[in-house]
Amino acid sequence: MAQRRLRMGMIGGGPGAFIGPVHRLAAEMDREIELVAGAFSSDPARASAAGEAYRIDPARAYPSLDAMFAAERARADGIDFISIVSPNHHHLPAARAALAAGVAVMSDKPLTGTLAEAHELAGLVRDAALPFGVSYTYSGYPLVREARARVLAGALGAVRKVVVEYPQGWLAGEAVGKQAEWRVDPARAGLGGCIGDIGVHAFHLAEFISGLAVTELFADLGSVVPGRVLDDDCSILLRFENGARGVLLASQIEVGELNGLRIRIYGERGGLVWRQETPNTLVQHSLDGRSEIINAGGMLIGADAAARTRTPPGHPEGYLEAFANLYRDFAALLRGEPAPLLPGIDAGVRGMTFIATAVAASRDHTGWVKL
Amino acid sequence: MAQRRLRMGMIGGGPGAFIGPVHRLAAEMDREIELVAGAFSSDPARASAAGEAYRIDPARAYPSLDAMFAAERARADGIDFISIVSPNHHHLPAARAALAAGVAVMSDKPLTGTLAEAHELAGLVRDAALPFGVSYTYSGYPLVREARARVLAGALGAVRKVVVEYPQGWLAGEAVGKQAEWRVDPARAGLGGCIGDIGVHAFHLAEFISGLAVTELFADLGSVVPGRVLDDDCSILLRFENGARGVLLASQIEVGELNGLRIRIYGERGGLVWRQETPNTLVQHSLDGRSEIINAGGMLIGADAAARTRTPPGHPEGYLEAFANLYRDFAALLRGEPAPLLPGIDAGVRGMTFIATAVAASRDHTGWVKL
Amino acid sequence: MAQRRLRMGMIGGGPGAFIGPVHRLAAEMDREIELVAGAFSSDPARASAAGEAYRIDPARAYPSLDAMFAAERARADGIDFISIVSPNHHHLPAARAALAAGVAVMSDKPLTGTLAEAHELAGLVRDAALPFGVSYTYSGYPLVREARARVLAGALGAVRKVVVEYPQGWLAGEAVGKQAEWRVDPARAGLGGCIGDIGVHAFHLAEFISGLAVTELFADLGSVVPGRVLDDDCSILLRFENGARGVLLASQIEVGELNGLRIRIYGERGGLVWRQETPNTLVQHSLDGRSEIINAGGMLIGADAAARTRTPPGHPEGYLEAFANLYRDFAALLRGEPAPLLPGIDAGVRGMTFIATAVAASRDHTGWVKL
Amino acid sequence: MAQRRLRMGMIGGGPGAFIGPVHRLAAEMDREIELVAGAFSSDPARASAAGEAYRIDPARAYPSLDAMFAAERARADGIDFISIVSPNHHHLPAARAALAAGVAVMSDKPLTGTLAEAHELAGLVRDAALPFGVSYTYSGYPLVREARARVLAGALGAVRKVVVEYPQGWLAGEAVGKQAEWRVDPARAGLGGCIGDIGVHAFHLAEFISGLAVTELFADLGSVVPGRVLDDDCSILLRFENGARGVLLASQIEVGELNGLRIRIYGERGGLVWRQETPNTLVQHSLDGRSEIINAGGMLIGADAAARTRTPPGHPEGYLEAFANLYRDFAALLRGEPAPLLPGIDAGVRGMTFIATAVAASRDHTGWVKL
């Protein structure tokens, strides 16, 4: 497996999908991985149409998980791993089938529909001892990794405060269209709405960059749009293991906000500010009044982040490249190399724990709760 | 009083003061007001030095409140009002003396050191029936007024969400210097640290622009810097009278943040975003995907906001001009004209109620409380 | 004169004026100067109305220059200087009368209507040996002074390139209104349109910050709006005395541009970037990949620039404060103190030479010309 | 060819190359194209190493053009086209060989090393009647296409002014490293330095968005860094066919500038502003004071630009995606579909004409010249 392109099968990602094509593109960007098969849809016609759109061998566009694993196992050039890009309630069954077939898994987030499913999956992953990744996309950005490296190297001193926000506005009106509909439906999205779709990204980012675990939270989740069952607006206060204070805001009803994930982290001696929509600059503040603009791919970047840009500074890279960085890590794992920054099953369970804890705490008005 | 310049006496604002010279400059900017007297310091030498620095008649640089009111009452050209710019615990005594002398009052915020003082002052103002203003500076910005006008005119539909933040970093280290020292001392600052110094500005702004009262809050106040007694980092969740959700963040320990007050307000059909550090643009988002940049002084500005800029668009106006707008309003009040947007005693008491409620709720862990 | 407020008379600035009230406000901002008299208009009724609007003694709102100088000379508290804020063709007569009366002069830019007038005025100033200032406003910004200080201290190494732009859009349509009309009329504006109104500001800024004289230029001036006689769009290439290359762009027809003066200056080892519309930050780049954000009023500011801000960093100051900094310099001059950064008669003549040279070179297609 | 992936061979792009890997990535992004072969280097060992790095069949990493065309012609699955990514002086020989072999060509810019070569190549392309593309990358950005569509639809009225700038700073010091060295060497770069490397991009963008041909120019090219033979700093004034005025600035010595291509275009009724480093927003100004932010992928985008984003608004796309859009166009051409926005041989010749004209005019001081 060392040098050849790794072979990926996709679960979900049929016609009209958003995240499936993104996974395909990201996985293949560095030519380490190739999409060769898929169970894109349980509807055979749609499965077949997707196979054609992805330009794969029609014979490998399967109508079901079982068909895929059976047929791929029989091939000399069968898939090395699957990417799970279907709605949340499908994550566990797909991962279970893959692991049973001895196939590694890269899963979209959140890990599963419920926390119980997450724990079940963690057991399966542990038993299977196969590579497992979760696509907390934003942790793939070079400057997010640079921020983490700087914080862990002590550039800010002890961390005191983290503010992470993820504002969106696309669900401020009625949820119309395939992407919107399943996200507001508890049967498909699971127990979280906004918190599961984007809040969990913000949560992962806060722990990822700070290098600190959240130990307590106070959650105030709301369903703002009339008739909405799941949360669409979340305000969550945090405490980190070292006593640092935090705030996590996520919303889908802030009209005009696109995908405004941003994080600010402050320590005794400095601060770091990063925004996903302008991801190629990071600002570092110091207690002595100095504020620096750090450019992705620039001269001031550490080795790990530098290795995660593909062009010189000033050539903007974005969401797809960040996503591709996770797949590059995952490919390394598959080849037996270390990929310590790739979110794995623990980060997946952690996200589900966060979602479940916050949803319950908000619903039951239990105030501050342990995480 | 109709046409002549109004005569101002200043309480506080002696050598080394920050906000005193700002009040002086703002009050005089439009030539409607003139600083003519002051009780700048209880130390006669410092009072005298301040009078010289302000270039007023040395005879009118008084060593005490009593001396000032006695002497000024005896003059044909005595003061029309005082500006109170001393630390918080001095606000009530100064205002009480002025009102007793029949002199109107413009006071720095927060209104007083404690809520009880605020209520006492409210009674005095009611009885005296004299003009009274409170310098919630940021409500004087033209685009803040434009934002309020747009919200009240229904541009966003019903308000659903308000996020107001006021990050600073200047107290992240030890509190050094005159300005820092009194702000972290309960004896002089009163019951709030960060919340009283800047949180109350954010609170006023949220109610001012939304036109909605906050009815409940959950407060999480912290004293982050070792040894600090008062709060220096505040996270407060809000509910407004119409059910809208809100978040108010204020901090003095976010290294590198200068005076980063900013507010976002979202309704059913749109959103507005404004930042104090770049105060001459306002962004309005609409549900149909339109995002507009609105320039201070530009063609799209309503009458009230237009009347509060002094130069054409593109000529940046800032903090001092916003402050001067409050004094222009106050001058109108003194001349018997309406000034409905000038924060008065009610807004002052409201701010103190907010501070007292949040401080108590956070200290006593009482969860969500009524405001 | 050492400690009292200096007394200013204004020439021009009657009803409907833009720059007159700006001069008044700027002059008085620091309480070093007071407007006490004016020849605001040659129409006595308008002169009188202006006096009332400025709230000065009605007796000192004169109907003519002669009346003003005669009356003021007779007073013990007569004016110390005049500010000339009338259209360009009035500058010379007003200055001549003042200097003849032994009164110092602060003049709006450009210095005069023609270069010949400028030379005549220079002779008068030399002979009178009285303080004379020219309001190249933008040189009053604290961060412009900081930029100059850094360049002169060698922070960039030898300067290699200057790009200064001054885009506006307000004259893209027909010139309507008092402010527009005189600026497009050669009889009142003089020989330059856009170049005289704003190009000369850009030119001064380039020489001011770089500390280098322009020695050659290539001018391409156009009259874009149909029927316009004077230039409304200017592209000028520059050479500086040390061989550095430069570009100066100014326009009044770039729709949507407000007052977008900006300058970038590059040397062997670094670069500096400043924009007037967000004047409180300056970015400095270094050859080693470092880019710093420098905040007005912040810890990294040198003494001179620090002395030209009035509030802590994060409290935006703007156009009026920059303008006031020139008056603070001028007040220092009047009191016999040095004010080396205040543009004086030489800078005024220099600007007129630039205008005349560029207009002629463009009209006559003479290519590169000496300056 | 209709549905299968198109097969690409690469010329150049060996170890240490910048633009080769970019072409590979961009070409494959949408799964319409696959890199299958290459003549990556004339050094067999390096050619072979490159083949391994790209993970292609080792047998198809050829040591020469001739070897490649001979072998590929013999295969049923031979290449459909080549990408030329070698230094400029190699462009013509490579394209000549491909066209002679009946293979389509996608070439990096500038088209060739000299104008004579460009004309020769144009003849070859005409005779071969094969698809030919030139990678003026920035024309692939969705918002560049949106800008063009809006201008051509008359959103600005008649175009009056275009300002296009392309500042870089990476060659402000000595030219060190493979990428720098060939660009400053006339033998490999051809007749232009900065103008050929980046100026030609700016030129193409100006004509592309405006829909207007430049008919005259005045060029001022300089070699600023001591010892540099080719230009590294370019200031060029333009006239367009309709009389519109223009400015084109490009530089490689502006320290701290990364890849700051930006363009502003103004007409009678509006203006458009776009910056490559923040490519996902476009600002449109209107004469009525309205300024709108247009988001890539957002609701206000026309069909063509919408079809050139791959993610929802707020998910930043950048340089690689823009590049991939050119390859998507080129794939369409190969499949026999129209791709009117893909720069072809005419745009390539046009760029070389621009370079040659500007270089000669600047060198010979001929003033304004026809283009």
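Here the chain labels run A, B, C and D in written order, and each chain numbers its own residues starting at 1.
By definition in this document, a contact is a pair of C-beta atoms (placed from the backbone, for glycine too) under 8 Å apart; a residue touches a chain by one contact, two chains touch by 3 or more.
Remember, it's a predicted structure, so these values are computed and weren't measured experimentally.
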- Note on the structure: A correct list of chains touching both chain B and chain D reads A, C
- Find the chain most remote from chain C, comparing centres computed as mean CA coordinates. A
- Query: Between chain C and chain D, what's the gap in Å when you average each chain's C-alpha atoms?
  - Reply: 43
- Gap in Å, rounded to a whole number, between the CA centres of chain D and chain A: 34
- Please set out, as single numbers or ranges, the residues of chain C touching at least two other chains. 257, 283, 291, 295, 298
- Complex contacts: residues of chain D adjacent to chain C: 156, 160-161, 163, 167, 169, 172-173, 218, 220, 222, 224, 233, 235, 237, 245, 247, 249, 251, 253-257, 264, 266-271, 273, 283-287, 291, 365, 367
- Parts of chain D lying in touch with chain B, wherever the complex brings them together: 283, 288-295, 298-300
- For chain C, which residues count as touching chain B in their complex? 3-5, 18, 21-22, 24-25, 28-32, 35, 52, 54-55, 168, 170, 257-260, 276-280, 295, 298, 310-321
